[in-house]
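Alright, structures below, take your time with them.
Same chain, two partners: chain A is paired with chain B first, then with chain C.
Let's look at the complex of A and B:
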């Protein structure tokens, strides 16, 4: 290797700390969010099963079983189908969502007792999902454009080096002023999130554990735990049976497939 | 004849699952049973009717799929036993369907129930299934309809074609039941315009499409009218009764919903032709939802709909120029507590009907529902006049499995 070549190759490395310094905390936050998003691109479609355990302050538990089908959509939010198996009285109820980055999602609900498909308003982002501590907006497709970002600091989390990024919802009707999210530097996975309500008081914290990698690329968590600090209630999500690229297409995400989902 | 038809279909149900390929997946049973109590605070018009109505119902559901989920079979029988009204002790096959799914098509054969439409106060466009009128007076309980239905999905929307080879008569309360007309309807003496009677081959087609915020459906039905007209007559015991007459009809329907954030704008319109005359009816209005009212998790929805029928007071329905105002409360709690209160006001005659419905889950597998209907100031000319003393409260406890 010639000396000149060596200089050319080391030059960008020398410039790196400079560009990092020139980057504002907002730019750095956005860059981290883009990296998280980019690393999850290309999964095409997936299915999973979820058990939701709701716990009230007295420790009483109730359960929900839900199956999810997701279709990645280029240049827009994902399409998803959620099918409710338990509690028994809502068995067969299903929800079809076409999510969008900043404009409101399109959402349809199938009510099996009436065999009725209802187009529903997606205005309720802050409301509880199935009576749990998860709001609809916590479970929706996480597009980069949904938030304004700001890198706060680096610190260890779950035994890894992590970025701490603040994100403020860019969409309307969120229940939060801001969230703080811990993302590990190793694989850009969300390890922890803290939610502040509309009055900017601490509301909830969410932990992610048991990450597993699929198709040598996509990381999915096994357990999510959401604790509401204001009510003392908590909800745990247990994810199982993740499958990728099972061959779903847009015909699996329309009103007919919503009605036959079971 | 009716019994023979059901026996035939029930025996078919035993054959169907085994007709599938051998690698059939395991079938699953679910369903619910319920106990229902109705209280009528006012004394009845006829001394034969009672004040307290107790009933039990059972609706199991069998489902099996095979061929990698591309074929499935469903069987849903229903039965109710009622203490007051022998007509309300009845059974039905709500569903007995074999379904086949392809890339952009579905073929559904057998007895099914389906739903068309968007409005809350009445369901004009929803014409395929006959109303199980004895189950509830809101018209939302339906009888299973035999059909062959091909559904095709293209970019231009979804096209559904229906062949309906058998007609189901509407059910009505009997002599001893409440919430009935005076005189009561004798369902054993139904008459038809078609000489084929219940075996007239009806057909229907529907197109629907979602375009951004818009959901549009356009449908046409040709066959035996689901709502009968009535003629006075006598039953075998010499009592005066109403005899249902089912004419043939053509009906074109439009249903439309525009969803703008918290606003749902809804419209249903029909144009019908039967026995040489044409009429039109529509329901239009909105639902607006206040999310998280008073810093709680509850949503409150405000519903307002206008109901119009161009036959005016001659219309066989009580909704000829009425306004419905409703309030929906969804608590979004662990027990899914919901409440709906609504009133339909007749603009010209100033009488009203108030209804309320509520439900909540009890423990994990039970559900408690309450319902009430109150008829206020009903004038003698109105279709609801015979129900003027039939305001009621209802409590139901259901066990799901």
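Let's look at the complex of A and C:
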């Protein structure tokens, strides 16, 4: 985001206490979302490791290991590179994503066995990420423009005071009619999210725990858990080894870098 | 003591009626708690091995309850802009069906194609209106070449298409959830038909079948029970020729049915197709008790010239209490023997009817006498005609005893020869008559699009991520090839088709590459790429398990008999043994397989139950008749009807299902009633009056002949009414039971007396 835009966007927040009485729930919801976005602005780039644990109804488990590199992009969705380490037969496979707020993301995948980069053209935002209970749209960068917001109520969550905000996808082909997210008032971190499917039935709920602060500003969770209430399956994401401002730039996020990614 | 009891009943008749009414009312109020079961799984006991195997498979992959919309445009063309728009709209609307988790149709099929180094993954049909005739043709060609679609979502003639909706129930209250879905999709279908008069719309699938069970049961209850009441009233009116007696009987059976259904509700027994026939059966059984008591009562009342009602009733109770109690006991034992069976709904039916006959006994010895004391009874002199006729008939039997016994024996032997012609068959689609929309829809779908019968396999690679192993994939592919070459099979859903398609896409859509990937990492990476490209609800969870060590393999077949299903499955097993590694050799499982085995499993377990009932009932006969010899003789008229009935069935029908495998136990309890009544009168004449065996037979005919043929007529009518059931299990059971009871009367009239006269000189 440009500096100017940032200032413009932040202005209403400064006036928040004054205008609180006059705000509609929609305006309040949007203001909260902007604050969340604003507080995560400026991390530039980051890397992290993730362990994904899939569980089915019968209690069986399966694991995936993935490394992520993310580049903050001003004025658009972030660019990210995911490198798959395990299972063994997909080791070295890497996926490059240019996420966008309301239009389909651009995606490429490098298949080491074929030694080729393939562009994926699909509307898979709603689809599952690696067979997990997380959809791409749950994991991708959460731009303010992706949703229409509405503040519902305040209530405690995880021992903190929280806003409960409803958001409805502003993009086509989402798997959801709406989501409800719990955001703590202390640091504007998402604590919990509940997803409703296309027929507005409860589908999944996601919990966030073990938040840690980096560079004195950016909060990152260590554990995310997604439970699918319809199928009884669940997925846990365990994040570790967060590093910020390691010096990545756009040259690390193109088709050529995809082949080199290890 | 017994006499005092009945004296008091007759004396305090008003009090008896007034006390019984609130009691019956309280018990009957349990009917409010009755609920209809909406799950085909109720037919299987918790430890059924085929069901456990299927549960295991469903827990590993997605559940496969489903609703299938079958669409057939009258012009027979699927690939038109108009028709594709209908399918696309229906697909979108289907996401709104309660508890739906996935929708598959020809329009949202995830078509993959190569474009340079791009992999395009998109709905096969995006904008139906914008398609040119050439594009429509291209889409049709793609669809016809796609193994995932042909014979599953579109017919080879491209004149019928389906929209398949996968259902995952919340499982909180299936009795509400299934009808909720059914009502929703039926409304959708109705709106489609209204908007497109030139389009035929059918609904089938597992969820629709689940919904058909309570639909058929409710329909049965609302039609068969009133018919049965009508039959009973007419028969009773004709036979008893007394308004009061008929009225009292109707009241007794009404109370009996109400009390039993109330108790069923209190006990929490769910209503299912089979147990919904309980009211009709109980109604029928209750009539028998009343008829015996009333016919004797009317006989004595006429005899004393309409002077002393109480005396006539006391005499009737004295003569009948013992046989009526005995028949109640044996009937209850017969029905309770169903508890040995494998099928919970039939256990419920057995228990409900056993309760019913118990209640019928109590009411017909308390309420009935009391009512008869209260109601006015007129006697007509000429009504003894049937009695005279019976005496004439008895005379005929005594005269022709030799020739009769030989005729009967030869008939029995000839019929017995046809018993082996009965074949076990349980096709769940055929459980429903053509009056049930599910049956019509499933038949249509089977004929024009795809079958509802399938076998599921979970093929194990033996290692994590092993589904991508070329060796494993080749084995799966060979298995698919083998299955596709079997004549009964309409469709095979195998993950190998997806791998072949992806391999072709990765090589610029070159047809030469439509083959399995040669290396494991390559296959795994294709799969990852594909997996990452699929939208919401169209993932691979229904085909590949969590750690990618196993894949689901689904074979769809045309409508097959149970024996054919077992035959296909065992051929597949033999092929597996010869061609696949040990880890991949597995039994298939599915509702089809479960139903295919249930007949056999049930018969095996019913043999124990039926033999137990037979021994117990014979023992009761011996003890109560106080004669080992007569008890043993009674085995003949008790077993012969069943032999004859199954022989006749083998001759004309030849197909025996679940319902018929329980008929033996329950009819045994009913057919002994006739011999109990006949033999107890025969013995009374021998012992009390010192008659010769011929005179005793004559006496038995004249005293109990009428009652026997009246009760048998009512029973035959009652079970015959069941043949009008929309639930084939009930109609088959009704018909076979009616036949058995008819034969029982024949055996008791034509075979038992000659036998007695021969053996008791």
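The rule is short, and it goes like this: the second predicted complex is superposed on the first by the 243 of 262 C-alpha atoms of A that agree within 3 Å, B and C clash if a C-alpha of one lies under 4 Å from a C-alpha of the other, contacts with A are read in each partner's own complex, and residues count from 1 in each chain.
Just so we're on the same page, a contact is a pair of C-beta atoms (placed from the backbone, for glycine too) under 8 Å apart; a residue touches a chain by one contact, two chains touch by 3 or more.
Bear in mind the structure is a predicted one, so any value in this text is a computation, not a measurement.
S.K.: Does the chain A-based superposition show chain B and chain C clashing or fitting?
M.R.: With chain A aligned, chain B runs into chain C, so clash.
S.K.: Could you say whether A:106 touches chain B, chain C, both of them, or neither, answering first, second, both or neither?
M.R.: first
S.K.: Looking at the overlay, what does A:115 touch: chain B (first), chain C (second), both, or neither?
M.R.: A:115 contacts chain B only, not chain C.
S.K.: So, A:251: does it touch chain B (first), chain C (second), both, or neither?
M.R.: A:251: touches chain B, not chain C.
S.K.: Just chain B (first), just chain C (second), both, or neither: which does A:201 touch?
M.R.: In the superposition, A:201 touches chain C alone.
S.K.: Taking the superposition as given, does A:231 touch the first partner, chain B, the second, chain C, both, or neither?
M.R.: Once the two structures are laid over each other on A, A:231 reaches chain C alone.
S.K.: Return the chain, chain B or chain C, that is in touch with more residues of chain A.
M.R.: It is C that touches the greater number of chain A residues.
S.K.: Please work out whether A:128 is in contact with chain B alone, chain C alone, both, or neither, and reply first, second, both or neither.
M.R.: Both partners.
S.K.: Touching A:57, do we find chain B (first), chain C (second), both, or neither?
M.R.: Touch status of A:57: second partner only.
S.K.: Using the superposition on chain A described above, determine whether A:84 touches chain B (first), chain C (second), both, or neither.
M.R.: second
S.K.: For A:95, is the partner it touches chain B (first), chain C (second), both, or none of the two (neither)?
M.R.: In the superposed model, A:95 contacts chain C only, not chain B.
S.K.: Once both complexes are aligned on A, which of 506-514, 560-568, 578-586 or 668-676 in chain C overlaps with chain B?
M.R.: 506-514
S.K.: Intersection of chain A residues contacting chain B with those contacting chain C?
M.R.: Residues 54, 56, 62, 87-90, 114, 116-121, 123-124, 126-128, 130-131, 173, 175, which sit in both footprints.
S.K.: Within their complex, state which residues of chain C touch chain A.
M.R.: 56, 59-60, 62, 95-101, 115, 117-122, 168, 170, 464-465, 468, 506, 519-526, 528-529, 531-541, 544-548
S.K.: Going by the contact rule set out above, which residues of chain B touch chain A in the complex?
M.R.: 30, 32, 63, 72, 99, 101, 103-104, 106, 113-115, 118, 140, 151, 153, 158, 208, 210, 212-213, 215, 257, 259, 261-264, 289, 291-292, 297, 299, 332-336, 361, 364-365, 367, 398, 400-401
S.K.: Given the complex with chain B, which residues does chain A contribute to the contact?
M.R.: 54, 56, 62-63, 86-91, 104, 106, 114-121, 123-124, 126-128, 130-131, 173, 175, 251, 254-256, 260, 262
S.K.: Mind pulling up the chain A residues that touch chain C in the complex?
M.R.: Those in contact with chain C are residues 54-58, 60-62, 84, 87-90, 93, 95, 107, 109, 111-114, 116-131, 135, 173-175, 197-199, 201, 230-231, 233.
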